[in-house]
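Below is one structure. I have some questions about it.
Residue numbering begins at 1 within each chain, and the chains themselves are lettered A, B, C and D in the order written.
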Amino acid sequence: MLNRDPKDWLVLKRTVRFGDTDAAGVMHFHNLFRWCHESWEESLESYGLVALEVFPSSLREGLETKIALPIVRCDAEFRMPAKVGDQLLVEIVPRKVDSNSFQVKTIFKSDNNCVAIGNIQHVAIDVLTRQRCLLPDAIELWLEASLLDSDIQSI
Amino acid sequence: MLNRDPKDWLVLKRTVRFGDTDAAGVMHFHNLFRWCHESWEESLESYGLVALEVFPSSLREGLETKIALPIVRCDAEFRMPAKVGDQLLVEIVPRKVDSNSFQVKTIFKSDNNCVAIGNIQHVAIDVLTRQRCLLPDAIELWLEASLLDSDIQSI
Amino acid sequence: MLNRDPKDWLVLKRTVRFGDTDAAGVMHFHNLFRWCHESWEESLESYGLVALEVFPSSLREGLETKIALPIVRCDAEFRMPAKVGDQLLVEIVPRKVDSNSFQVKTIFKSDNNCVAIGNIQHVAIDVLTRQRCLLPDAIELWLEASLLDSDIQSI
Amino acid sequence: MLNRDPKDWLVLKRTVRFGDTDAAGVMHFHNLFRWCHESWEESLESYGLVALEVFPSSLREGLETKIALPIVRCDAEFRMPAKVGDQLLVEIVPRKVDSNSFQVKTIFKSDNNCVAIGNIQHVAIDVLTRQRCLLPDAIELWLEASLLDSDIQSI
């Protein structure tokens, strides 16, 4: 997987939909976090991970996710209004914080202008004990592949 | 519980919030179903049921919900626009369909005019086999108490 | 536009995301209506319509939508649970009801099995008077193109 | 209004609903921001403000909101999982940042333990020019009344 172009799984697209707006006529703020999380899921999937192996589900039929990745903090900056039909470029910038946690920054652009930035920090916990644990291997791979990409970019 | 005034758990209130609206300036349609479900939960709670005994949760710590109540169909009619700040009266009209399923009609009124009506039909299934099963006792009690109330109303 | 393959704008894809689920482990029912509406918007866009010409927005800068398309009723059937990561085929079946209204049926399939069906009925109203009016030309074109497609299919 | 007990409009309640959860069995993170915004609206309303005078709506019928209050940044910390049925105490701590902007911190507690904290920063803009402007008088009054309250608390 590491040979594929990271652009395929770290640069995505999203269109602002009518239900994302509020009566002020533009995107209602908290939908940004839904966009961030969905973009992260799309990135994992495009990189090659299987959602049922990362996320809990009652219908796993044998696949047992023993590690959950709850969110411990998040923040967002809103720089420009986003209106229905806007086609956004979505750049995903992952960062490993320590052996138990990682952060995903998501930058939304329209016509090369930054519309908004979201940051989400996850921590890995053992589902049964709810104690912190090492990040799942699949997430480690995805984080490393992202770093390789940014190393190349910074040369 | 049956001696309490059913008005306390079948007639509720709800205020339209800004995030419920879209760029047309009024409530975005699918939020109605969220309102219906939340009103149903509030009704069960006000009647005396404990949410963790009715709904699944990963943190039940011993409370094991063996029956789930998935929704098999729902519909809604929208008669008047609802705008931010509107204070709605919420009337809940439950109906047992058969030994495995029930329906909850929810009527939203503003100044005695009907704004919208939602209908949600649930079926009881065994969580492990996913086969239909008898309704949980707690739901049966809530349904019977509602019927008693409407019997009295129709005299 | 009528020469393009209708499959491009009446058959879409959607992946179930983690935030679409609830504690029962599967898609929370009302998200289906969000999926329906977003699929309809994606269909209009893929057919060639501009969102800002169909939907209201405070930032239209001259584009004045004089017709709104509020939803007057909707319904859904849920046949199978949808879990995180499920990749759904989305079939859109529009139907003109009368000169003022139309319906969009949306069928969600997984591995050729029907997961759920949603129906949404819109009515055209003049934004200022809030009286019913003729459907916007753009919507008429989209409806006619869809019918041409289903005529061909039924031969 | 200043003579009323601030507890009535700065300390609220909220129950976690089933639709707030995800397949991990607990509250899905971004719903916290919906809770924060709705609690803020409830606080304004309980203090005595009229929603239609603060928030835009297409159905204002004469009430013209010339000032919008878009959100420029927000953040949240999640300290404990919140499960369906949890009854939360909601404490609202407003703060004026400068003549154009204010922040609302919202603290969610369960059994006196902090479950989560959300922060939302709004800026006042003129709807037509989209330039920063002075905060609306109604918001100034609400902010001052909140400060009076915290002054009393700190004595």
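Convention: contacts are C-beta pairs under 8 Å (C-beta built on N, C-alpha and C of every residue); 3 or more make two chains touch, one makes a residue touch a chain.
The structure presented is a predicted model; accordingly, all values stated were derived computationally and were not measured.
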Which of A-B and A-D has more C-beta pairs touching across its chains: A-D
If I average the CA coordinates per chain, which chain comes out farthest from subunit A? B
Distance from subunit B to subunit A - Cα centre to Cα centre, in angstrom: 34
Distance between the centres, which are taken as Cα means, of subunit D and subunit A, whole angstrom: 27
In subunit A, residues with contacts to at least two other chains: 18-19, 21, 23-26, 30, 34, 37, 55-58, 81, 83-84
Where on subunit A is subunit C touching in the complex? 15, 17-19, 21, 24-26, 34, 37-38, 41-42, 45, 50-52, 55-59, 81, 83-85
Using the touch definition up top, name the residues of subunit D that touch subunit C in the complex. 18-19, 21-26, 28, 30, 56, 58, 83-84, 127
Please output the residues of subunit A touching subunit D within their complex, sorted ascending. 23-26, 29-30, 33-34, 37, 55-58, 68, 70-78, 81, 120
